[in-house]
Structure formats: structure tokens, C-alpha cells
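One structure, as C-alpha cells, below. Some questions next.
So that you can tell them apart, the chains are marked A, B, C, D, E and F in the order they are listed, and the count of residues begins at 1 in each.
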Amino acid sequence: MTRVDGRVPDERRPVRITRGWLEHAEGSALIEFGRTRVLCAASVTEGVPRWRRDTGLGWVTAEYAMLPRATTTRSERESVKGRLGGRTMEISRLVGRSLRAVVDVAALGENTIVLDCDVLQADGGTRTAAITGAYVALVDAVRHLERQGVLQGQVIKDSVSAISVGIVDGVPMLDLCYEEDVRAETDMNVVMTGSGRFVEIQGTAEGEPFDRKQLDDLLDLAAAGCAELARVQADALAEELPATPAR
Amino acid sequence: MTRVDGRVPDERRPVRITRGWLEHAEGSALIEFGRTRVLCAASVTEGVPRWRRDTGLGWVTAEYAMLPRATTTRSERESVKGRLGGRTMEISRLVGRSLRAVVDVAALGENTIVLDCDVLQADGGTRTAAITGAYVALVDAVRHLERQGVLQGQVIKDSVSAISVGIVDGVPMLDLCYEEDVRAETDMNVVMTGSGRFVEIQGTAEGEPFDRKQLDDLLDLAAAGCAELARVQADALAEELPATPAR
Amino acid sequence: MTRVDGRVPDERRPVRITRGWLEHAEGSALIEFGRTRVLCAASVTEGVPRWRRDTGLGWVTAEYAMLPRATTTRSERESVKGRLGGRTMEISRLVGRSLRAVVDVAALGENTIVLDCDVLQADGGTRTAAITGAYVALVDAVRHLERQGVLQGQVIKDSVSAISVGIVDGVPMLDLCYEEDVRAETDMNVVMTGSGRFVEIQGTAEGEPFDRKQLDDLLDLAAAGCAELARVQADALAEELPATPAR
Amino acid sequence: MTRVDGRVPDERRPVRITRGWLEHAEGSALIEFGRTRVLCAASVTEGVPRWRRDTGLGWVTAEYAMLPRATTTRSERESVKGRLGGRTMEISRLVGRSLRAVVDVAALGENTIVLDCDVLQADGGTRTAAITGAYVALVDAVRHLERQGVLQGQVIKDSVSAISVGIVDGVPMLDLCYEEDVRAETDMNVVMTGSGRFVEIQGTAEGEPFDRKQLDDLLDLAAAGCAELARVQADALAEELPATPAR
Amino acid sequence: MTRVDGRVPDERRPVRITRGWLEHAEGSALIEFGRTRVLCAASVTEGVPRWRRDTGLGWVTAEYAMLPRATTTRSERESVKGRLGGRTMEISRLVGRSLRAVVDVAALGENTIVLDCDVLQADGGTRTAAITGAYVALVDAVRHLERQGVLQGQVIKDSVSAISVGIVDGVPMLDLCYEEDVRAETDMNVVMTGSGRFVEIQGTAEGEPFDRKQLDDLLDLAAAGCAELARVQADALAEELPATPAR
Amino acid sequence: MTRVDGRVPDERRPVRITRGWLEHAEGSALIEFGRTRVLCAASVTEGVPRWRRDTGLGWVTAEYAMLPRATTTRSERESVKGRLGGRTMEISRLVGRSLRAVVDVAALGENTIVLDCDVLQADGGTRTAAITGAYVALVDAVRHLERQGVLQGQVIKDSVSAISVGIVDGVPMLDLCYEEDVRAETDMNVVMTGSGRFVEIQGTAEGEPFDRKQLDDLLDLAAAGCAELARVQADALAEELPATPAR
């Protein structure tokens, strides 16, 4: 069985991570899952939101958005509409939760890191690319804080990455592109740590409800996919950040 | 091991469904999961949203909201803030998807059913109660359409219900109340059909990430819980709707 | 002359007040004027809004809203529209003023009580039911503060209730239901204290302007109606609040 | 007893009406109640709002607003805040209802007249000045339509004006200025037709509730005041509209 | 060559400035450029916005708006739409910058002056009239502060005024009225100090792009026009402000 | 005199244009002015806005925005704030006007082209880079329409580009970077056609007002700068668009 872009069912798309794509951000990464491109920026600010003050704990949060022409047809800007859509808020919350799962907020101290994940081009899997890329930007921002000597221990407890899986024409598949995503009967996004534990599972039957066997197959695929992504992240982070910003 | 309200880990709270709580709605149900009370109303209108016109297909959607004093301390109204929060939109979308999973929109014809799920009192599990109660209101609205002779077949393909599960102090538990939900390391909402298939799984590690074994235990608990809810729904729907509205 | 629901012109609908309908609120009442049902919740918080700080005075305010399917056809949520309608704001302001008229804010000290009046089912007279029910919830909240020993005197100076009157087909009538309200030439809402003085009068000629004689007749009807409501409130408040919340 | 500005209790402030203050509007009037100045513009458009189409009936509506520095201290613009306040909407609705009470919408045909009432300077009584001035602008707009020969009968059935009354230091007074309004125990706005019938009564106890005798005294004062305003309006409308716009 | 209203190309419309049109504002002026009428109010408040606190510097800002029936056909209110339009914000920012160019904010001390420029009637040139009138209101507000003895030197460094120029049917013209503005190929607004220096130039080719020669001609026209406006401002400010407010 | 980044006063930053950076858009270009990076996408849709229908004319418009971490410190998203800022609207309008100045809308037919200019990284001159890059994206979109054979003549009448000039420490300079822009006494943005005519001039005295001599010097600098940009655009557009999208 071959997929629309020639992959086999358990094959993910090529992933490319360009660290330091932005010069102002404390950490940044342009991540590509095939044709999906997400620009992830980590911004550090001293202090925490009001409701968290004087707890000694830091805060990590995320905002996800899509450029109007990231998609095959142009969508209206949410800033122009004057309100965030449900999908945007849902994904922003997911990305934030996923990263907080691997952060020791006590070690971070009363500092805030905001992860901005802006989709420049979309071809399915934008939220999973966002989580995977944001982790890399986050690590660079934390290293920046380390160099400043303001941390109170190991902030990053584990790595985190995410991948989509789904059942298309009855076949469980890894890392769906847009065309597959639209046709999928079941669609699942799985967020896992580098040590292979689950942070988040969101599975939805778009067509027929699925049974336990199908669920198990999808979880197996996702676990293998996330393990690969963890290696790609580690490789990217092992390199020295170039003095001159990449482009 | 006994829980805060005296239940054993795999025991759900008492569920009570009062059909026809509202006199104007085509279908309605006040559903209670312990102290959680959600008023579900199904409103039928002829026609469908513009993007679906002339397809011959119907539409089912949902809106979830909470009264300001449903909770232990008062929360500001979203109408006063002037915008819907991310949590509200996320749950509204979830309820809508869950009900659409058991509806044959072709049989519905170009009619729209809106399910309003308003939480009058909250003690954990409001979204699962909303889905479970909305199904009952939906069935009554469909029966109303049947009596009018406007349907083109069997609209309801299966029943649907939902329950929460979670790991509290290391123990997998069914149907968390608010106090347990706050303390849970992992929290999962599971939506299933009456025939025992999955419609939606949303699991989140609030504290420690969870492993495959824990996930399997939670899924077992949820499957048993949803099976019981399906029976409660069937019992409620088997009764004749009283001529005089209940209160 | 008999009315649509069999009442005589100066007859109000049966009123039912269920105190303690909510378990979290410091005071609450489900009030019914015939088929109109309003859930009133009183929420106490320490402190007052910024503009009132350091005056030693408390604050009482109200918010009125309607569930989307309280009415015969569904109305869109104001939270979804992103703005409060004029009618909602107007009634919220009216309810707040009416209750403040019987409260000694100095005795309340720097505490705030918010009255949420949510219409679960509407059949005319929702604003008058809201005022009448909110008074009951308010008294229970004040008793709660009394038990905590934080008050500086008698907070409640008098009782307050409200009723609608109107001219339908030339006949002055008490407590209009929706069908009458729509047909009324003149519609008036009257808020009075238990001691028979006026707090607010809002009379509107929907059709023909009215003369002084008609106005006097309406005021007589309203005064009698409010006096009855004051007795119903007193009876409800004379009972002991049940340990187990009502439903 | 003399009032802050030297008037006796049943004396209104000098009223001045300048018709045709605006050159583009089909009707306009700058009305002054003492230092209160409201610019009223009547705009005619062909057609009616969607919900009224194909009824053969016209529509009259009003919008009231205040310039930021109409008041003694500057208030923020509602356009900048991004939402209309409750007071603004309440008064806009009142002005619209008041004018519709004297308009025969069938004679108007499917045309819309919008009355914009913008308070340029405020010193109490802005809503009553708005109603009184808007009537004059409305008549000029209707005469404009008459000259075009598009009306189907007599549009204006009666004149309408409004005045405030209140109890200040125990004394019933006519046409309160701002300083009196702030101190009033009871404040009432009364809208009446030229033939002496009531269109709207809105009375509020700001301090002590009021009794029937006080209410009667206030209504007497208001009736006399509105009768005088009706004469001022008639005088203003009897003059020929100057060819060159006034200023 | 004669223009639509009989002027020659380098002739501005008659300008009339009525100081003290408002009684509450610390400074105010009704300015007329032909049929264009803008009401300018200067409001003084102690203190500065948060971002400027403890700098010892004052702040001057402006808000521009148009009444709905200032124009030949009615426009919807921005307060009703719930958002400011781009044009409104652009002009508000322009007016604020223009006035700040002649203010010594150190001499002002930590005080804020807000200039509200509300267009009562529009016939082209509303933004230039707003700047020219706001300067007069500003001077009166500064004199008010001087009399209170709270200033720390000379606040007003120079005068400032503005005028429009444009190319209509190939001819450079001064102070376009609405009809000319609509037809202009090039439209330019020029803000200059009394000493003849430029504060702001905004030139736009509405039709054909313009060349350097045309630009120079327009700048010459504008410089002459602003010099005249500076004299009109000086004359207006030389008079004593009448004790009784003008109208 | 050397500038902060080593340039001489009349030297612009290196400009780099990458066509086809996006795969879905009908035209796109990533443009860099030094460290400023703007992603420009041209989206073609059939039809025009409602107000332009049945005129036979096309429409070209633009939207400008900045990613939150394009700047040295993070700014809040306008979609999160729920409203567009004045600066955003002002620049969007400027970009749209500039492009329309070189488009023959009759030749375009009833088609719409939207230019989205998203600033990925900001270092001064973002609006001038946006105009310059949007022109390139526009041309590619027009070529796309040409290949489809739907155009009715030559759509692009001339090229258009823009550059900033300013007076820094008394010296007129070309193409200010952010650090210079902040310190500039006068700041001017100039939009010109390839044939050397002006489309838009926006000059602002941020500090001292400027005189005619300074204005002339700035215009000379800008004219030379725009001429160079026109050559860079022409070179970029002379190349064949690569089959495989660039990155």
C-alpha cells in the first residue's frame, strides 16, 4: 500500500529543524514536517502572570496561529475578525500543556517563557510540528537563561514531541498530510516524552467510531514516530548554534 | 481504598435524567451526575447553515456554557467579557462532534438541531454529563420530527455517552468529582457509542506523564462506565414523556 | 372577562420559591411565576469594586440573562455574539437598583453581593420574577454573613418585590404572561417595598398612549400584587433552609 | 424655596431650538435645555431593516450618544472601549420608542428615519432634551418626504416631548439640572404627547422609596412641563426653515 | 479657472473660530473651514499614562471622530460597530503628533491634555480643521494651567496649523472641499508650524502618480495657506475669552 | 560619517528577494532589507467585494501584520487583543494604495488579489520592505492569471517600491534601521514608481520640525533609493520561477 506522497503507512515525512532562525528571540526554530512549516519562537520575560506571583514558580505558555495564506485557499485573519477561533485556542492550550509537562517550573524561578508557533505553510500536522519545534526553541531559551545564571536547577525534565496518526481507507498511518487528514476516518494526535510516556492523547472518530484494536494499532505507530522525533530533536540540539543566524 | 465521597474506584456517581424539563424546547433533559447538574435543550429549526445548503444533509451542533455561580466561587460571564473562553469553545466543539457521530445527517434532511448544554451546578464531569444528557434531548427532538413526518429514515444510528476517568494518588478511578479532578495526575474523557466503540478520547497528563499500562486501565474503566450510562439513557428514553412538564 | 390562562384580570399566576436550589451559592432561589422560571444566586465576596474602596460601604449588583432556549424559539447567546444586548443591560441595571433600595450598604461593610438572575424558562414577567427571587437569595446570603459575624448592623431595611401590569384589549391586568404581554397596549413594571412604597416604575405605551386614569388603575393593581408577593417572600423565608439542597 | 440656578420648583430651564443646524440631514435641530445642548439629526433612507421588509410599514429608530467632553470631566469614548454602555443603549431605546409612539408607520411606507441625538454639552436632562429635539428634526424630515410626494397619509399623529421631574431635599421639582439630579431622592422622566397622554414613565427612587402622593405630585409637574414644551416645539416648527443653514 | 464654490485655485475657504464653545472643557473651539465644522475640546487631567510615569514629562494626545450625520449620507457609529476604523485611528494619531510637535512636555509637567476633535459637519478638510482648531483649544487649556500656576515653563513652543492641497483636473489647489477631494488626482495634507517649518506631510496619488514639479507647487500652496491660518489662530487667541460661553 | 551598521548616509541595506517561498499562494516573495524580513503572499480569488460588483473592475488590497516576536521584545497578538491597532491599519491601507497605483483594475477584470505582508523579523523599514516585496508577489500572481487567460489587457502599469529616509543627528540618511529610526528627528517613507514618479509621501517630524531644504534632500535620497529597488525587483522578476519552491 502506497500513500499519496509515496510513503509507506508507518513512515513519517522528512523533518527539518533550523535553530536560531530569528535573531531577537531567546530561542527559535523553523520546523518542517514535509511541506508544513512552523516558525517557533521562545520569548523570555522576567516575572510571572499576576495569579502566579510570589509562588517562586515560573510559567510556560504557548500561542499558535496560522498566516492567512498558509493554506491552499486564503483564510481571514483572526485579528481582523476580532476574535480567536475555537481551533486556535484549543491548539494553543494543547501546545502549552505539552511543554509544561517537561518543565520544572520551580527550577525556572519566577520567569515566563512564551512559545509562539506561527504556521507559515500548512500541509497537515501543524499542531504536532508546533509542539516538536517549540520544544527545541524552549531548550535554547532555557540555555540562554542558564548562561545568565538565573536558574535554580534543571528546568528541562525530559524532551517532548508529537505526531499525528489516523486510519485512512481502513489502514492505520503515521503523520498524515493534509490530503490524508481530510479523508481519515479516525484522526489522533499523540504527545509523548523522550522517555516514551504519554503527555496527551486526542483521538477523534471523524467517520466511523473505532474499536480497541484500532486504537492500539494507532498508539503503536505514534509511539514509534515520537521516538524518531525525539532523536531528530536531540540531533538538532547537539549542534552548536551558529553565531550568524540561519536562513 | 475509599474516595472523598465514599465511592470505590470503579464506581460512578448516581445519575438522574429528567426528560422534558423545559416546555418550549423540542427535546430537553436535566441530567445530574452527583451534584453536577446540566440542563440540555435540543432546538430544531428548518434549514441548515449557508455552507451546507442544497446538500440534502442536516446539521447538528452544540453550545456549552456555565452559569456564573455553577462553581464554588463566582466566575465572570463570557457575555460580559465579550468573548468566549478557550475551554468553552473546546467543550462545545467536543459535544457537537460526539453527537454527530451517532446521527445520520442524510436521514435528518435539511434541518438543524442545536444542543444547548448549560451547567447549572458544577462538581466535575460537566462535559461528560453534557454529552450524555444532550443525547437524550436529541432523541426527543428527533422523535418530535418523526411525529411531524419530515425525516427520511433512521436519524439516530447508535446511542452515545461520555465519562471521565483519571489517576488520583496513583489509582485509576471512574467519574471524578471536582475535588478528585483537581488532584488527578492524569485526566481522561472518553466518549463511546452504545455498541462500545470509541468516538473520542482526550487524555492529559496533568502531573506525571502516564504509561501504556495506565492508559489501558483507564480505558477499561471508561468502557464499563459508558456501558452503564447507555443503560441509564435507554431506561430514561423508554418511559413515556409526561404530558405535564417535569420539575 | 377571562384571560388566556383562565385568570381574572387582577389575579397573579401561582408563585413558587425554592430556596437553596444551588449548593455553592451563599444564597439561592428558583422562583416560578407560572411557567416563568428564574434561578437567582447570591454570591458574596470580600471587598468592593475599586471605585468604592475605603468608603466603608458595601456593594450590591445584579446580572440578568436568559438561556438560549428559555423562549419559544431559540435566541443566540450574547457570549457568542460578543456583546450584551440593550435589553439585558437595562434589566440587569433595574434589578441591581431595586435591591440596593432595601440594603443598608454601611451595615454590609466592604463586602460585595452579586445577584445572578438566569432565566431558565420564559413566559412573561422575567424581570419581575428576577427581582422577587433575587430578594430571597439576597436575604439568605445576608444571613450567611450574619452567621459569620461580619456585619455592622441590619443590612436588609425592607423587602422588595416586583410585578408587571398592563392594559390588554382595554382591560388593566396583573402579571401578564407572554401572550398577553405581546398584545398589551400599555405595559408597566412596578417595584415596591414590603411597606408599600415605590422603588421603580417603568410604564410604556406600546400602542396607544395612556391617560392618568389608566395609569392610576395600573398602579392600584400593581400595589395589590406586590403586597401579595411580599407575603409569599416572607413565608418562604420563614421556613428553615433544608440541610440537603432542594431540587 | 429657590433652586441652585435661581428657579422656583415648578419652573423649567429656558429652551431654545435651532432648526436646520446641519446642512446634510433631512431634518435637524440643536436643542438647549439651559446649558444642556443636544444635536438631533434625522436621516431618511429608502427601505426598512430586513425583518420588516414587505410589510408596507416604515421604521423609526434612534441612537443617543455623548461627546467625551460633554460632561464636567472627560469620559472615555464608547467607540474606543469597543462596546456601548448600558445607559447609552437604554436611552437610545427610550428615544426610539417615544418617537414611534407618534408616528403612523403605515403612512411612512417602507422608509426608515434614524434620529441621531448627540449630546454636545450635558447639564442634566439630556434624554428629555433628546426626545424633545428629535421630534422637531423628525417633523422636518417628514416634511422633506412630503415634498417628495412619497408618503401615504399623515405620518405624524401627535407631538411628543419629555421632561424630568424629581424630589430634591423633599421638594418635587421640574427639569432637574445636573447638580440637582445628583442630589435627588427620586428621579423621573416622563414622555407625553401634545394631547397630554403618557408615552413613557420611568421613575426611580435613588434614595428613599416614594409614596403615591409624591408620585402624583411629580406627574402633575411633568404634565405641566410637557405641555409647555409642546408649545415651544409648535412655535419652532411654525417658522419657515431658513434657506441658509443656521449656526 | 474657477472652482465649484467660486474660489480661485490658491484661495482657502473662510475660516471661523469660536473659542469657549463648551463650558466644561479647559479649552474649546468650534472651528469652521467653509461648511466643515469641528468641535475641539481640550481636557486636562493630572497625571500621565502608566508608561510615562515618573519621567517628569507631560502627555498630549488626540481623538478624532465624526458624528454619523456629519456626512451627506449617514454612516454607522463606530461605537455601534464595536471597533474604530482605520481612517479614524490614522487621523487621531496624526492630530496628536501634530500638537505634540509644538509642545514642551517637560514644561507641562506630569499632566495630560486630551484633544477631542468631533466633526459635526463634514465638507472636506476635516483633519486639517481638527488640527488647526485643536491648537486653539490647547492654548486655552494651557492658559488655564498657567493661571493655576502648575506649569514649569513655556509649554507652547510654536503654533501649528494644517491645510489640504491637491491636484484637481491638473490644477494644484488649496483647501479642497469634499467635491474636489473626491475628484483630486493627488491629495496632500500639510501640517506646519507658525514659523513655517514642516511637521507632517502626507501626499497620496489617488489617480496618476505625481512628479517633483507638481509636488513643489503643492508645497508652495500649502505653505502660503498655513501662514494665513497661523494669523487667523493668532487673531482668535488675541481676543479675551468671553465670560459667558459663546454659541 | 559612518552609521551604526557601517553604511554611508546614502547607502541602503542589502536587499534579497526570494520568489515562490510559499507553495500554495499564486505569488509570494520573502523580502529582506538587512535584518528585516517580510513574507509577502498574493492570493487570487474570483469575484470582487460586494460594493464593486458588476463594475467590470478588479480589486487589489493588502493586510500587514507582525509576528509577536518579530521585534526585540515580544508584543501581544492583535488577534488576542481582539482589535487591530492603528499602526497596523495605517500600514495595511498604505500598502494597498501603493499597489493599486500601478494596477489597471479594468484589465484585471472582476478578480481580487489580496497581498498579505507578514513581518517575520523587524529591524526598521518593515512597511517599505512590505510594499517592495508585495509588488513582486503581485506580479507573479498576475502572471498566474495571464497563464489562465482571464486578463483583459496589461494589468501592471509600472513597478512600485518604497524606502525610508530620515534625518539622524542632523544628517539625511537612506533606509533607516531600527536603531536609527528611533533616534531620527524626521522620518519619511516614500513610495515611487519605476518611472520615478511619487505615489505616496509620508514625512513626520518626530523631534524638530524640518525645513524645505531638508525636505528636498530627503526626497533626493529617496528617489535614488527607489530607483535602485526598482532594479532589484526587475532582476528578481527576470529569473525563472523555480519548479521546486525555494526555502
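The rule is simple: a contact is a pair of C-beta atoms (placed from the backbone, for glycine too) under 8 Å apart; a residue touches a chain by one contact, two chains touch by 3 or more.
Fair warning: this is a prediction, and the values are worked out from it, not measured in the lab.
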- Every chain in contact with both chain C and chain F is listed here as none
- Query: Starting at chain B, what is the smallest number of hops through touching chains needed to reach chain F?
  - Reply: 2
- Where does the C-D interface recur among B-C, E-F or D-E, taking recurrence as more than half of the contact pairs being identical by residue number? E-F
- Task: Starting from the mean Cα coordinates of chain A and chain B, work out the distance between those two points in Å.
- Result: 29
- Query: Can you give the whole-Å distance between the Cα centres of chain B and chain D?
  - Reply: 51
- Message: Report the inter-centroid distance (CA atoms only) between chain A and chain F in whole Å.
- Response: 32
- Would you please write down the residue numbers of chain A that are in contact with two or more other chains? 82-84
- Message: Going by the touch rule set out above, what shape does the chain contact graph take here: line, ring, star, complete or other?
- Response: ring
- Item | Interfacial residue positions of chain A with respect to chain F in the complex | 22-25, 28, 35, 37, 39, 41, 43, 45, 63, 65, 67-74, 77-84, 88, 114, 116, 118, 120-121, 247
- Task: Over in the complex, which chain B residues touch chain A? Could you list them?
- Result: 83-86, 89-90, 92-93, 97, 101, 158, 188, 192-193, 195-205, 208-212, 215, 219, 223
